[in-house]
Amino acid sequence: MLDTLVIPLLKIVVLLNAILISVTFMVLMERKVIAWAQSRLGPMRVGPYGVLQAIVDPIKLILKEDITPVKADKMLFSLAPILSLVPALVAFAVVPFGGDELFYVADINVGLLFFLSVTSIGVYGIILAGWASNSKYPLLASLRASAQLISYEIAVTMTLVSVILTSGTLSMVGIVEAQLADGVWYGFIQPVAFVLVMIGALAETNRVPFDLPEAETELTGGFHTEYSGMRFSLFFLAEYANIIVISAVTALLFFGGWLRPFPNVEALAFLDIIPGWIWLFGKIFLFLYLFMWIRATLPRYRYDQLMRIGWKLLIPIALANIVVTGIVKVLV
Amino acid sequence: MAEALAFYTLSILILGLGVAVITTPKTVHSVVFLVLNFLCVAALYVVLQAEFLAVIQILVYAGGIVVLYLFVVMLVNLKRQPEEHQDPRRLAKVGLVLSGAVLVELAAIVVYSYGREPSSVSAPSPAFPVQGNIEELGWLLYTDYLIPFEVASVLLLVAMVGAIILARREL
Amino acid sequence: MATQSAPIFDTDELVINMGPQHPSTHGVLRLVLKLDGERVVDCDTVMGYVHRGIEKLSENRDWTQIILLTDRMDYVAAATNNLGYCETVEKLLEVEVPRRARYIRTILAELQRIGSHCLWLGTHAMDIGAMTVLLYAFRERELVLDLFEEYCGARLTYNSMRIGGLPLDIPSGWDQKVRAFCDVMETKLPEYEELLTNNRIWLERTRGVGVISGPDATALGLCGPPLRGSGVYRDVRKDEPYAAYDEFDFEVPLGTQGDTYDRYLIRLEEFRQSIRIIRQALDGLPEGPIMGKVPRLLKPKAGETYHAIESPKGELGYFIVSDGRATNPYRLRVRPPSFCNLQGLKPLIVGHLVADVVCLIGTIDIVLGEVDR
Amino acid sequence: MTDDPKPAGSAPDGPAKPDAASDTPATPEPAAKPAQPPAAAAPAAKPAAKKPAPKPKAPPEPPKGPEDPAPPDDLEPPAFIAALQQAHPDAVEQLSYWVGDWTVIVKLEALIDVATYLRDADDASFDYCSDLTASDWPPREKRFDVIYCLYSTRRRHRVRIKVRAGEEDQVASVSGLWTAANWFEREVWDMFGVKFAGHPDLRRILMPEGWQGFPQRKDYPLEGPGELLLESPMEWLRLRNLPDEAEIE
């Protein structure tokens, strides 16, 4: 009873709180990083260097009036933010933050696929939000979101197949352990897959340069145009939770998760003083920073260009990557 | 006990959602019910310890195909009331035939499955030199069911080519 | 949500209102877009939301009072509006403007061009999603505004010219600050270019988007960078020199493709040419009075004239009729460059995607205060 | 809000048409209040009549028209004008020169011929219609001057042509020659009520679609519903909402 119910529940509670708090601070970090890129200061008023902004922002969002448009589809309008947030949080269930069993909720044998399938559910939040608002810009946004998700999910899934081929397992813990056994981070032997997954991650989390469903300069905010207050902040949470989980998964799959650099080089054994979860958090931070850096730098792609890249570039490369990985696997 | 409870709960949910899919007046609502239905089916697979199938069910059906449904439903103007048919009973006849066919099929399945001994695929045996859900599935697909598998993939390829030709009017 | 279409599986033609409140219409412009999917099938431009009747107001204002009104048209380039109006009235009055005043006017006009182009660059890049450029460009625009503030005390609506000359001479040390600004601006331009010019996404978003040929652009009455982007050599500063432009050496950049990317390159080059002009004007700044001999009571002889200058947006023309009896114009007509360029929007966007619409609104660089007057 | 073009020439028949024969066109006519629907004309006239706005000052006497000074004797007109006069001998009414600008005053019916000639003739080649506007001289029989500012990007010279049109006259649209003229003519129609024959899309452009009257005319009242708004906002609101109520679903 204790092992099957209480401990996992405790873990889940701790994890959820950690995610929610880290999201608020990630928003602050994003504002600071982008401000730094744009030669300005960012939030400075609340607390020293604006640190407390992370706490004030959610409070403000919660206290705001929650408006439902008169002609909106009430049921779906309320359901959509939840549909968008829940998968993002559920996806954390299979993310191991360390090799010890203490650090993850569940290590199921189809962990990677579970992650993919759960994140693919998240798009319903966006699509239904756009449709339920009964407004034209959100509708366009949900059309864009559905088309975008389909094309990039295929590419990402196919790319991950080559990682699975290399590691021989679908379990997240197993993949990291395979990297330890192979003595190399898969980012180095699957560089193409890494780049593809990064691009796909940008597209699946609707981030610049693929932020078409919420392009505020085109669609006035896209699918969350009609949302306000708490519901809006749920979308916000979902987006950032998604970014964190995708960063974590990328770090696990390609950068050895909680492993130190060159895990099988004995000379670097002194690095083991640093616990594994700090390594992982450091890597996640790097990816988060990458997301923000890209957001500050790049313009936005156009819808048709996005589809073209997805179908004509990413999917063929992913297919070729699978074939090459397979051949190498057979030969070696 | 717990498994049986889960099974029956899920079955009721699946049936109820299925009814909801065809009775809801709004198309988008029925698509949402369909998604929930698929999720329940996936949960049923988990109960049956077919995790791989469950995850694929979500990934392909809930995450992929139904998204396309929604895409089409939102693109196409379905606000108009469906036209009245000239012969109101014509649909009834077709429905009768179809439901009869489904009934026969169900009966066949029941008869067929009762006539066989329950097979045990979970224990490692000489027929399955590998262990684990996915591995077993892969083994079966590429040994016993290789030809149906390849035929199915060729069929899908044909469908894909056909769709492309239909979509591109000038080729 | 949808228009009524006949067959049940027909895709909808979606009619959406872009504006009057939309982040990318650069003011209160409303575009009624008819979309097939995301492709624009038809477009209607609706404007007039900030129509204040400046032309009508001018008929009941003193000649000098009108300068204030002109500030409010293209409010991101108020000094060029002042300049165009004052020059036109001077032409009617046949007043000679002192050389020093003409030089300072040129400096102001070119500073204004830099300021206006900064705003254009920032918002244009922002529309396409590159938000850092906006902050960079506004950082430099701030310097321009500071210079104007020091010159005339205002930061947006300058009222910085008078008929016959200038209200104020430049403050001491101002010319050094302008020089310093030119140096700063020259170092900042590569920053913009680094972010955009060779950026793959920027190229894909702007190349081949909104192509218009030279003859079409001419017939459409486009002016300024949109016209030059199509390779038509037309710059009022060169063709019909005013202020002191005939004394300076500068080039008029021309495009070859007539697409958004060319228009972007042209405006970037105009930054450099403006800096060049400002430097020449500062080097050769003559001494002397800043006001010409203007009668106390302005009463031009009966007659009419049209005079154009090159504002940052294009050919800004004033057509003024004086009846010779009143101390206000009988008719004042502004030929607003934004209005003419906005007319070219529909031919540009039909056939493009929604995302291109914001890109093309950005590339024609409109200010609705000027379109509507 | 779709783009159903308003049939050209439907609006000018509204009640806003000023009396063409009036000798005192600067007097505001209460009946010609703008922005009031024809249906509301009767109740609207009352509050308007009650408040005959204090006239600021009576203008001395409306001018009879622009001077259009003739060119000085020692100045030769540009070659293309001479060529134009040869090609269309009856078209040109008058030549004018003032502070460096040449203006060709053209007969109304010859406008298209002259414009086509000026655009296509090699020594003229005015390919750029830089402005098109009008001015209003109410006492004159042909009260409108429609002015075309042309420019040649090839030869780099300017000329203005001008036609005089009465209130009922149809000015041929030059939007077929220069696409730029499309919106210019719409604006002239919007502001002056000059009708352009053959214009593809003659709708109001700056003023709202249901607007009555033509604001840039000299006899347009300078005080309108805005004045009423200050006096009695509810009444004003009622009047403004009248035409819209039918459209709002």
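Before moving on, here are some points about what is shown:
Read from first to last, the chains carry the letters A, B, C and D; within each, the first residue is number 1.
Here, a contact is a pair of C-beta atoms (placed from the backbone, for glycine too) under 8 Å apart; a residue touches a chain by one contact, two chains touch by 3 or more.
Every value quoted in this text rests on a predicted model; they were computed, and no experiment measured them.
Two chains share more touching C-beta pairs than any other pair, namely C-D.
If each chain is reduced to the average of its C-alpha atoms, the one that sits nearest the average of all protein C-alpha atoms is C. With centres defined as mean CA coordinates, chain C is found 61 Å away from chain B. Here the CA centre of chain A is 29 Å from the CA centre of chain B. Rounded to whole angstrom, the centroid-to-centroid distance between chain B and chain D, based on C-alpha atoms, equals 70 Å.
Within chain A, the positions touching two or more other chains are listed as 139, 143. Within chain B, residues 75 each touch two or more of the remaining chains.
Shared interface positions of chain D, i.e. residues touching 2 or more other chains, are not present.
Residues 15, 17, 32, 34, 42, 44, 46-48, 51, 53, 55-56, 60, 91-92, 94, 215-216, 218-221, 223, 232-234, 239-240, 301-306, 308, 315, 317, 319, 321, 323-326, 330-331, 333, 335, 339-340, 343, 372-373 of chain C are the ones that touch chain D when the two sit in their complex. Residue ranges on chain D touching chain C, taken from their complex, read 1-3, 59-60, 63, 66-67, 69, 98-101, 103, 127-131, 133, 135-136, 147, 149, 153, 156, 158, 160, 178-184, 191, 204-208, 215-216, 220, 222.
If you check the complex, the residues on chain A that touch chain C are 34, 37-40, 134, 136-137, 139-140, 143-144, 208-209, 211-212, 215-220, 295-305. In the complex of the two chains, the chain B residues touching chain A come out as 26, 28-29, 32, 35, 39, 51-52, 55-56, 58-59, 62-64, 67-68, 70-71, 74-75, 132-134.
By the touch criterion stated above, chain C contacts chain A in their complex at residues 1, 14, 16-17, 22-24, 37-38, 125-132, 135-136, 139, 195-196, 199, 201-202, 204-205, 353-358.
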